[in-house]
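Structures follow.
After this come two complexes, each holding subunit A, first together with subunit B and then together with subunit C.
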Partner chain A sequence: MDYVIETRDLSKQFGTVQAVTGLNLRVTRNQVTGFLGRNGAGKSTTIKMLLGMTHPTSGSGLLLGHSITDPKQDLEARRQVAYCGEDKQLYAYMTVKQLINFTASFYPDWRSEVAASLLDQFQLPPGRKVKALSKGMRTKLSLLLALARRPALLILDEPTEGLDPVAIEELLQTLAGSPADGTTVFFSSHQISEVERIADRVCIIDRGKLAVDLSLDEIRQDHRRITLSFCRQPPEHLFDLPEVRSIETNGSQMIVVSSHGVDAVVERAKTAGAVVVDIVPVNLRELFLWTVQDHK
Partner chain B sequence: MFKLNPQAGQPLYLQLMQQIRHAIDTGALRAGDQLPGIRTLAEEIVVSHNTVAKAYSELEHEGTIELRHGSGAFIASRNKVQARSERFRHAQDRVRVLVEALRRDGWSDDEIHRMFEAELLYPERSSVKR
Partner chain C sequence: MMLLYKAWLESRARFLLGLLAMAGLSGVFVFFNHDVRTVVTDHDVSYAEYIWRGIFKGQLRDIYVVLTLLLGLGGLDRERSYGTAGHTLALPVSRWRLIAARGLTGIIETAILAILPASLVPALSPFVQESYPWRLALQFGALWTVGGILIFAISFLASVLFSGEYSAAIAAIILLVGYSITTDLPGMEHYIVDVHDVMNGSGPHGPTTLAAISIMAVATIWLAGYITTRKDY
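== the complex of A and B ==
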């Protein structure tokens, strides 16, 4: 596998707060990867460490094969990485056109045809000053500036936050098509349904640690929630199986989540005299909630 | 034209493959018709480029479509596709006869739907419940 992001035991401590704890994150080239986690789980800190905006307390990481802790290599990586942040800091006094030309002057392989077609597609007013743009327009402009560089890796921190549904749709369309131009997309989000629609893979970070790293199609194909009904007390450890992710007991009912098909669970349930009430696919929202909710 | 359900318990590329096959079976797409480019379709239905690429590559592999370098994807003109579509219509006729018979026996559409679903998704399980 070819990874554009690969961290090893990456950690960051702010005073007594452990923001990221021994994170081993790997992002595959030419895919769209969604990065989920609760507020304060360590998403933004991870992204800031990857981009060299903050220094890890310990551990290491590679960005397009370049070390994120070596300032010289870090610079090399940053030439091929584009970032769209939460704050979208842009030069407010310039017009859209001026800012595009200004940014283009920094990048020798700037693709003006990409910039022109996105300007048209996003319907950005070229003569308007950046400070007079709406939040959605600013996000689109920032995405335009990122994509016209044809970056090998595009990192976005909650790109759809605060945008209206139409703007979100346009943004997702652009991100979904990006791997076609050789741009790997890594984006953090709180919108689980967006990740579920456009991502090839999902990483969930919980309390500074990587809790889930799965392809969305694996989840669709293999994850199932099986509801069982027992007429007598089921034996203990009945479902001590590697693929069982969670077990919830409610009176004589038991809900088992399997990450690898239903056969093994159903077989054990039958031998214990249970009736299979229901088998349904697991969606990303459920998987997310089980992963990050307070563990008993 | 195609609508994928990200929450269904089936990989998106498989959903797309089935919908393209279905469009061929029903005659909405005919031999020689051009499919949208991978990127165009990915943006249109808002799924990852890789989903469409995988569906196209699998459909090419099974002979349903032809990928012509530089000019896009086309519905294969082979007799195989036609024959399949013919057989599909026959199979659908048989399903229609069965559904009509079940209705005559007093089963509601909802119940028939559930019977089919149980049989297709969990054939083992339906024998447990009986």
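== the complex of A and C ==
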């Protein structure tokens, strides 16, 4: 498998706060990978470590095959990576045109015709100062700067924040089509529905650790929510099985989320005298909530 | 080249305001020399001494020091507070190049601010039936440049050490005032050169002293660069 991002036991500590802990993340080339997590889970810190903005406390990582802990190699990787940060703040003192020309000067593969087309599509006024742009327009400009090249990897941190619904739709379509152009997309988002729409694969980070790394097909096909009803208080350790991702007990009712082997769960439940009320596929929202809310 | 352009855009408002202030005040000192002379010195001093006391050693030099301090402020820590550091650091350039571009731009601006009064004074003096030797004025321009670059470097370093909007400026001022007080202490002249005295020509200003100050300024900027490469943004 060809990975554009590969980290090994990547950790970052800020004082006493462990922002990222032993992260082993792998992002496959020519796919759209969604990076989910709660606020403060370590998403932005991970992205900053990948781009050399923040130095890892320990561990290592490869970005397009270049070591992220070696400044020279990381610089080489950045030539092929486009980044759109969560702040969406750009140089306020430049005009839109100045900023485009400034950014273009660093990339020999800059596509002026794409920049012109996006400028027109996003309705960005070239002569206006960046400080006079709305947040939505700044986001569009930031995306223009990222997309006007043909980067091997596009990293976006909360890309749809501040955009109107039409712009979100256009962006999602652009991102979904990027792998066909040879661009791998790795983006963090709080909007699970957006991730579910365009991502091929999902990584969920929780408290600095990678909790889920699955394709959306795997989630849809393999994960099931099993609702069980017991005539008395359910036994505590009934479902100590590796495939059980979470358990929530509410009185005599129990909800089990299983990644594989529904049969094993059902068999154990029936042995314990339970009635299987429902078995339904799990969607990404449920999986995310079950993962980060720690029901087990 | 585009990094120099960025550094210029970031500092141009401060620089142009400084340029305006230096030019305007130089003009005031020359054109209104009869009125200003009573304020800055005794009436009976020569025109050359009045210019020295008012400009090269006096108020204008102090203003120049403040302006060079302001030129040193900025950089990646300031960008972080504005939220633009991500865009800058994602560019395929090393942090050393970012530092070099900002340092070089600041040094050039510092030199221009120093040369301006040194050029205006001899150029404008004939309009008020006075004269000031070009050679002497440009000598002060060179001394101001060397001293100004060191002050710029101190402010540059403070900007890397203190990321707050005002804390870097305050830290730079405290460093500079502390340095001035230290050099004024009895006996300290044997150990530390007072850069203010170098700038006005009353202290040692031979090639060795100027070279030592220049090396110290470059080392300070290098230290700022080294710290920058190790910081998290």
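Going forward, the second predicted complex is superposed on the first by the 254 of 296 C-alpha atoms of A that agree within 3 Å, B and C clash if a C-alpha of one lies under 4 Å from a C-alpha of the other, contacts with A are read in each partner's own complex, and residues count from 1 in each chain.
Everything below uses one rule, namely that a contact is a pair of C-beta atoms (placed from the backbone, for glycine too) under 8 Å apart; a residue touches a chain by one contact, two chains touch by 3 or more.
These numbers come from a predicted model, not from an experiment.
Student: Clash or fit: what happens to subunit B and subunit C when subunit A is overlaid?
Tutor: By the criteria stated at the top, subunit C and subunit B fit after superposition, with no clash.
Student: Just subunit B (first), just subunit C (second), both, or neither: which does A:25 touch?
Tutor: Neither partner.
Student: Could you tell me if A:78 is touching subunit B, subunit C, both of them or neither one (first, second, both, neither)?
Tutor: Touch status of A:78: second partner only.
Student: Which partner does A:180 reach: the first (subunit B), the second (subunit C), both, or neither?
Tutor: first
Student: Which of the two partners, first being subunit B and second being subunit C, lies in contact with A:167: first, second, both, or neither?
Tutor: neither
Student: So, A:198: does it touch subunit B (first), subunit C (second), both, or neither?
Tutor: The answer is first: A:198 touches subunit B but not subunit C.
Student: Between subunit B (first) and subunit C (second), which does A:96 come into contact with in this model arrangement: first, second, both, or neither?
Tutor: A:96 contacts neither subunit B nor subunit C.
Student: On the A-aligned overlay, A:220 touches which partner chain: subunit B = first, subunit C = second, or both, or neither?
Tutor: first
Student: Could you look at A:283 and tell me whether it touches subunit B, subunit C, both or neither (first, second, both, neither)?
Tutor: first
Student: When the two complexes are placed on top of each other via chain A, what is the minimal CA separation of subunit B and subunit C in Å?
Tutor: Closest C-alpha pair between subunit B and subunit C: 25 Å.
Student: Which of the residues in subunit B end up touching subunit A in this complex?
Tutor: Those in contact with subunit A are residues 6-13, 38-39, 42-44, 46-51, 121-122, 124-125, 128-129.
Student: Any idea which subunit A residues touch subunit C in the complex?
Tutor: 14, 48, 51-55, 71-72, 75-76, 78-79, 81-83, 85-94, 98, 101-103, 105-107, 142, 145
Student: Would you pull the subunit C residues touching subunit A in the complex into a rising list?
Tutor: 1-2, 5-6, 9-10, 82-87, 89-95, 229-230, 232-233
Student: For subunit A, which residues count as touching subunit B in their complex?
Tutor: Contacts found on subunit A: 30-32, 169, 172-174, 176-180, 193, 196-200, 216-217, 220-221, 223-224, 262, 266, 270, 275-276, 279-283.
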